[in-house]
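Okay, here's the structure, questions in a sec.
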Amino acid sequence: MAKTFSTQRLIRFSHCDPAGIVFFVNFFEMISGIVEDWFREAVHLPFDEMHLERRIGFPIVNTGCEFYRPCHLGDTLVLELAISRLGRSSIEFDIRGRVGGDEKFRGRHKVALVSLDTFKSLPIPEDMRTRMTPYCIAPVG
Amino acid sequence: MAKTFSTQRLIRFSHCDPAGIVFFVNFFEMISGIVEDWFREAVHLPFDEMHLERRIGFPIVNTGCEFYRPCHLGDTLVLELAISRLGRSSIEFDIRGRVGGDEKFRGRHKVALVSLDTFKSLPIPEDMRTRMTPYCIAPVG
Amino acid sequence: MAKTFSTQRLIRFSHCDPAGIVFFVNFFEMISGIVEDWFREAVHLPFDEMHLERRIGFPIVNTGCEFYRPCHLGDTLVLELAISRLGRSSIEFDIRGRVGGDEKFRGRHKVALVSLDTFKSLPIPEDMRTRMTPYCIAPVG
Amino acid sequence: MAKTFSTQRLIRFSHCDPAGIVFFVNFFEMISGIVEDWFREAVHLPFDEMHLERRIGFPIVNTGCEFYRPCHLGDTLVLELAISRLGRSSIEFDIRGRVGGDEKFRGRHKVALVSLDTFKSLPIPEDMRTRMTPYCIAPVG
């Protein structure tokens, strides 16, 4: 059974557009934020250490999001992250946002490990992979 | 032969992250921007008139982006918009970003027309549709 | 002795610029955020209730910030809010940011109460004022 | 008679808040943008060359803004930059925003030249200063 990594974001004034709902671009900033939080708290690899000391990074290969219902000012948005596929260098995240039982969006977000010096892809080191594996959604079948 | 709607964005300091390249979230802000520009210039429907006077809107149903190569501070990014599918209420945009001949990203971005009073979906009116059709990529086959 | 309202913000990747430090514009987003948090938690007036139900708002009259030292990715920034002057309709906030004992910035931020229907200035109601007063820095002299 | 450096910004959906007016934080992003444009076009020093090749930067010492009237979706905001004081290492900008004859805000924005390697302040080189001087508002008296 996969673990889910979860954080909360209060929907603020600055997230909302003239229609009074979250401007979709801000959902991508929140997706970026939960990935960063997961690396720090679950993989024990804060982004400052990752980028500055280890000179590695996880640039985004592709990302996408399905928006089900609008989010409003004052909502407490629960974000949930799991891994739908863990490759040799890449990670595909399955990220959901809900307010109470009301699902607001679902994103898939793929990143891949590169050296910041050569920009070549690197295999995910075993110590990192071990901390990532519990978040993998079990393959069906 | 479909028309392409094109704009340019100079990559500024505020678009870039600590790796010195455009933070991916800002590409979605640019995608949002070219859609807004296209509504104003090609469909003759500025967003203020759309939202405030007509009380209609085009919320995002889903969006996604494939990132091919990083964009750097000082780059002049050319954005190109076409329509990959024009539905009864929905529009699927095909949006590309390139610097010179170098393709940087390709997004698909689906919006659908709703009433801002009822949040129910509405058919795209004929006068709007007529201005949109030239941007439809011809179906293969 | 005035109370200080305090929150924390972890400095994320998305806050930082190509120099690897917080882009100054994001400090204003944080100033906006602590003011919103203070209204919700200290004044018991969440922004959704303020804007949507009461139809009042506190637009910014002026704001400014002195930047002492850069903030870095991974820093835990402590934000502290007090009131330097509580007028009939206006509030002048004194807002500081520090990382440990290291002061990073100091802002002053003035807002004033208006009706969202008439955009005319309104006196701050007594129930609100009572909850605001403990945060007033005692006048010198 | 001082020269004024001027640019235009169309107020987009993404600039506006739930009250339908420009969220003040976005004015600081615009102030940052006109300063960057001025360095590129008037001083002939694009930010990529400044930061990456010359290894110098102009971090913000302090900034502030007085907001006179709200800006709305669809407005064409004219931004105007002049220099109120040109010091040995520092520049104080006077930046105004207006829509037609209607003044919207006025900012002062002080930056100072530093080495990105030592973070020590540097005198503004003569070739840069020569290109900056025409934008200095003549001292009164």
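Residue numbering begins at 1 within each chain, and the chains themselves are lettered A, B, C and D in the order written.
Keep in mind that, in the parts below, a residue touches a chain if its C-beta (ideal position, glycine included) is under 8 Å from a C-beta of that chain, and two chains touch if they have at least 3 such contacts.
The structure displayed is predicted, hence computed values, not measured ones.
The greater number of contacting C-beta pairs, out of the two interfaces B-D and B-C, is seen for B-D.
Distance from chain B peaks, on a Cα-centroid basis, for C. Look at where the CA atoms of chain C average out and do the same for chain D: the two points lie 24 Å apart. Taking each chain's centre as the mean of its C-alpha atoms, chain B lies 29 Å from chain D. Between chain B and chain C the centroid-to-centroid distance comes to 35 Å (mean Cα coordinates, whole Å). Among all residues of chain B, those that touch two or more other chains are 13-14, 18-20, 23, 25, 29, 32, 51, 73. If each chain is drawn as a node and touching chains are joined, the picture has every node linked to every other.
Across the interface of their complex, chain B is touched by residues 18-19, 23-25, 28-29, 32, 51, 57, 59-67, 70, 116 of chain A. In the complex of the two chains, the chain D residues touching chain A come out as 13-14, 16-20, 23, 25, 73.
Of all the residues in chain A, the ones that touch chain C in their complex are 12-14, 20, 29, 32-33, 36, 46-49, 51-52, 72-74.
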